[in-house]
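Chain nomenclature is as follows: A, B and C, assigned in order of appearance, with residue numbering initiated at 1 for each chain independently.
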Amino acid sequence: MRCRESGFDKIPGGVSRRDFLKVCTATAVYMGLPASFGPKIAAAATTAKKRPPVIWLSGQECTGCTETLLRATHPTVEHLILDLIALDYSETLNTGAGHQAEEYRAKSIEENKGKFILVVEGSIPVKDGGIYCKVAGKPVLEILKETAPKAAAVVAIGSCAAWGGVPSAGPNPTGATPAYKILEGTGIPVINIPGCPPNGYNFLSTVLYYVTFKKLPELDEKLRPKFAYGRLLHENCERRPHFDAGRFAEQFGDEGHRMGYCLYKLGCKGPETFNNCSTLRFNDMGTWPVNTGHPCFGCSEEGVGFNIPLHTPAEVKNITPSAVQTPITVDHGGGGSTGAVALAAGVAGAAIGAGIVALKKIDQTEKKQD
Amino acid sequence: MSEAKPVGGKVFTGPFLFFLVITLIGIYFLAKRFMFGIGAVSNMNDGFAWGIWITYDVVVGTAFACGGYSMALLVYVFNNGEYHPLVRPALLASMFGYTLAGVSVFIDIGRYWHIYNVFLPWFTNFNSVLLEVALCIAAYIAVLWIEFSPTFIEASTGTKSKVNKLLIFFIALGILLPTMHQSSLGSVMILAGNKLSPLWWTPALPLIFLISAITMGYTVVIFESTLSALGLKRPFETDILAKLSLVIPILLVIFLVVRFGDLLMRGQFGLAFSGDLQGNMFLLENILHIVPLVILASATNRKNAKMLFLSACCLMLGGLLFRFNTYLIGFNPGEGWNYFPAIGEQFITYTIISAEILLYMIFVKKLPVLESHGQAKV
Amino acid sequence: MKIKRRDFLKGAAGCGVLAAVGQPANAEAKKKERLPGALGFLYDSTLCIGCQACMVGCKKANEMPVESSDLLPIWENPRDLSAKTLNVIKKFESGTGTNKDQETDGFAFVKRQCMHCVDPGCVSACPVSAMRKNPDTGVVTYNKDACIGCRYCQIACPFNIPKFQWDSAFPQIVKCQLCSHLLPKGEIPACCSSCPTGATVFGPTSELMAEAQRRQQMEPGKYYDYPVSSLDSGKNFSQKAASYVPQIYGENEVGGTQVLMLAGVPFSKLGLPELPEKSYASTAETIQHTIYKGMIAPIVVLAGLYYFVNRSQKDKD
């Protein structure tokens, strides 16, 4: 296959130009930007003088969020990510280890002061001075507190970093706390990308957006990018027509379940979870819990995931009721058409007129009779 | 007894043809109604389930047909034979009025092929006011035709029939039955409950309707006597009507006392001045009752054909408006429901009225109904 | 006019009889109580999520035709109850409409269908017993073979429930009959079985009343178990209790209804009328029975009239 001359130098990761453009365009679309932004993102990604450095800190995490980024295979995005950004420190992916890794981290932070992106994966324990998670002998709490002020922005990837996640489930013995709470009042911009794990593209899109436009995408009141977390899963679920028509699976394996009916009665938390799993799906194969037949448990939603039991029905959050629902008072018509009113008025007028004429005639006739 | 004779003369006069045309147009709409359903010609809807067919054709129509009833009360109960000349024309109007009201019921009800169910004991519900109205009206129509039969017999045999015991029984029935159903036509709207404005909703509705119906009977007698005289170029029966019309102001006083007494007792009088449609219609309805009361209180006016006719017109309108208010204008099923009769719907009502006028014209010209000339005075 | 004084007095006495008879006397119709086996359902507006599964279930179970709306040309939203729709979910909205079950800047749902009254206006009204209240279950059903289409039931229903097939040459009255064709089979009304949250729950009215009272005692915000489909289904959903309006609609309205309702906003906002405790049927029936009990008064009056008429004819001859 002949490659046309393209305007893109140094396409990272050994990816073909077509695949690279595909990814950038897809990223634009996921963020709700027009597809024409794809080439812009691609240009920004490949012409940056220096790749933006990223420091990736791990708190109380299961590494699932790192894994989610590495699992993409169409194309091999892990190369893309690792060549797109300068991942100077990641406990999972470091080539070096021990003192060497720590020295490199300190050096990178100093060199890139004010310019690097700090990614936090996992929650931060605060109880007992934060001793329940230490790296290189230091509580992660301290590491975060000293690193974050030097960063350009903090991205909290995964539910644990975004609002506490599994470690924060009651009774929360370690005092697991999300990054934004630790950094409250410092003025450092924090973006939350919750999920357990979140879709890798949510993270990727956010980073690419920042690289291209030099600012953060629009966030909601929970600091989540609106392009991914602006809608309830319920609003875009493929089983929604079944919900609307009252077709539910009542037990795993029953007729309704086999027919693919709505899983609300099995405890699906789609109606109260904000995420884009129902549209973006996972593993580049379009799978997500609901379409495999298991109800969503609200892993990305604070207060829902790891809090409300799996099979307890969700509180359906309607932001406002659908515009097509009938209001209390409905106009049923039945009023008179112009013709009908005219006819009635005409007849009434004629009757009154006839009455007046009759009265006159009676008067005349009476006078004659007298 | 009566010296009644057919008036004679041409049947197909100008007015006759005019009403015939209206009747024919109405028949077209009737065909539409029966072929395509009530909704095809009418604006009645689930909020306003009853429209002008019930309100005018049945309720007002039977009230206008109370001439026979009121005259029977006067002539047979209060024993005033001097009003006899007015009985047959009143009977005729009653007969037509009630028969056509029956026809209107047949047109209005949706499942008319079941109409005989009201007579079947395994269906009848004796708690229902409407059942009593239906059975009473059906019986009364039969009674009216029987009461009118002497006229038919006279016309065909040329001899005057004698009043026998059986006819007396039917005359008595002919007074009882309207008392029952005209009051019950008021009771019917009690079930409307919160949907009927407190200006009209009251447990005293049957009494108010009854007094109104009796009053209307005398009013209609005056109205039709005057119009007949005018239309058929006969002398006005002012002398006899002057004496008759004294009853009306008396009845009107009773009517207004009961009406306003009840309203004040229920504390709803203030609604009359709310300025909305219902309040204003209430005021108009009562003005139309008070004006004739004032006019007919004077003996001079009662001897004046013009004043008699004017009062009669006012009162007919007043009685009509009272019933329209109770059944339609005072009725409010809730927000979002509107009703105004559609063109086809109106025409069917005009047809019923026209048919009555046509039949009246034919009957007085061909049958011995009206007193012959010179016999109108006592 | 010449009236003999005797005749005048007789006439006046007659009028007096009529006047006395015109007032509803003390023959009060006895207040109808709920039947012991009365069935109904409890609709809880705070649990309702407006999913309209009950509307779809009702259409299916009763083989009703689809009805589209002119709000949007889709099949899902009839504007109101009609000859094609026995059961409708409507929404109340105020201000921004963002808070469920709140009066200001809030929204709430309401389910409208026949209330299966304890003393139904439609049953009292119908001259041919086409509207009938089942003597055991109290369910109000319609019999098209008796019906004459007079539509008095539509006038008499304070909730405006019975609907008429205006566009049919052979019209019927149409209304919810509590799926009485399913009850003998041991099944429950379709709106109850399709409701996912237990907003509509079936059961004997006495037990529904107890359940409604239990909910009125709940602490808003706490999780409680709510029965789903029917009170005895054994299935429960744990849901947060809302703040209820302290009224069980249907407990006393026009003598009580077998369908009960709870809500978080005032019922008048949901389109449910404020009604007195005395049913209009009992008022109308009291009057009728007072006047016509055993047909005694009419027969007496008839006898009196016969006497007068006879005498007037004798005077003539």
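To be clear about the criterion, contacts are C-beta pairs under 8 Å (C-beta built on N, C-alpha and C of every residue); 3 or more make two chains touch, one makes a residue touch a chain.
Everything numeric in this text was worked out from a predicted model, so none of it was measured.
*Asks:* When contacts are scored as defined above, which chain pair ends up with more C-beta pairs, A-C or A-B?
*Replies:* So, comparing the two chain pairs, more contacts are at A-C.
*Asks:* Closest chain to the protein CA centroid?
*Replies:* Minimum centroid-to-centroid distance belongs to C.
*Asks:* Which chain maximises the distance between its CA centroid and that of chain A?
*Replies:* B
*Asks:* Using CA atom averages as chain centres, what separation in Å is found between chain B and chain C?
*Replies:* One centre to the other, that is 33 Å.
*Asks:* So how far apart, in whole Å, are chain A and chain C when each is placed at the average of its C-alpha atoms?
*Replies:* About 47 Å separates the centre of chain A from that of chain C.
*Asks:* In whole angstrom, how far does the Cα centroid of chain A sit from the Cα centroid of chain B?
*Replies:* 73
*Asks:* Residues touching two or more other chains, restricted to chain A: which are they?
*Replies:* If we look for residues of chain A contacting two or more partner chains, we find 329-330, 332.
*Asks:* Identify all positions of chain C at which a residue touches two or more other chains, and write them in rising order.
*Replies:* In chain C, 271 touch at least two other chains.
*Asks:* Which chain B residues sit where two or more other chains touch them?
*Replies:* Where chain B meets two or more other chains at a single residue, that happens at 44-47, 334.
*Asks:* In the complex of these two chains, what residues of chain A are touching chain B?
*Replies:* 329-337, 339-341, 343-344, 347, 355, 358-359, 361-363, 365-366, 369
*Asks:* Where on chain B is chain A touching in the complex?
*Replies:* Within the complex, chain B touches chain A at residues 43-48, 226-227, 230, 235-236, 238, 304-306, 309-310, 313, 334-343, 345-346, 350.
*Asks:* Could you list, by residue number, the parts of chain A that touch chain C in their complex?
*Replies:* 243-248, 264-265, 271, 309, 312-313, 315-316, 318-330, 332
*Asks:* In the complex, go through chain B and note every residue touching chain C.
*Replies:* Residues in contact with chain C: 34-40, 42, 44-47, 49-50, 75-82, 108-112, 114-115, 117-118, 120, 123-125, 127-132, 134, 163, 165, 168-169, 171-173, 175-176, 179-180, 183-184, 187-195, 203-204, 206-207, 210, 243-244, 246, 331, 333-334.
*Asks:* For a test of understanding, state which residues of chain C touch chain B in their complex under the given definition.
*Replies:* Residues in contact with chain B: 1-4, 7-8, 11, 14, 18-19, 22-24, 81-82, 121, 123-130, 144-152, 154-156, 158, 160, 162-172, 254, 271, 273-276, 280-281, 283-288, 291-292, 298, 301-302, 305-306, 308-313, 315-316.
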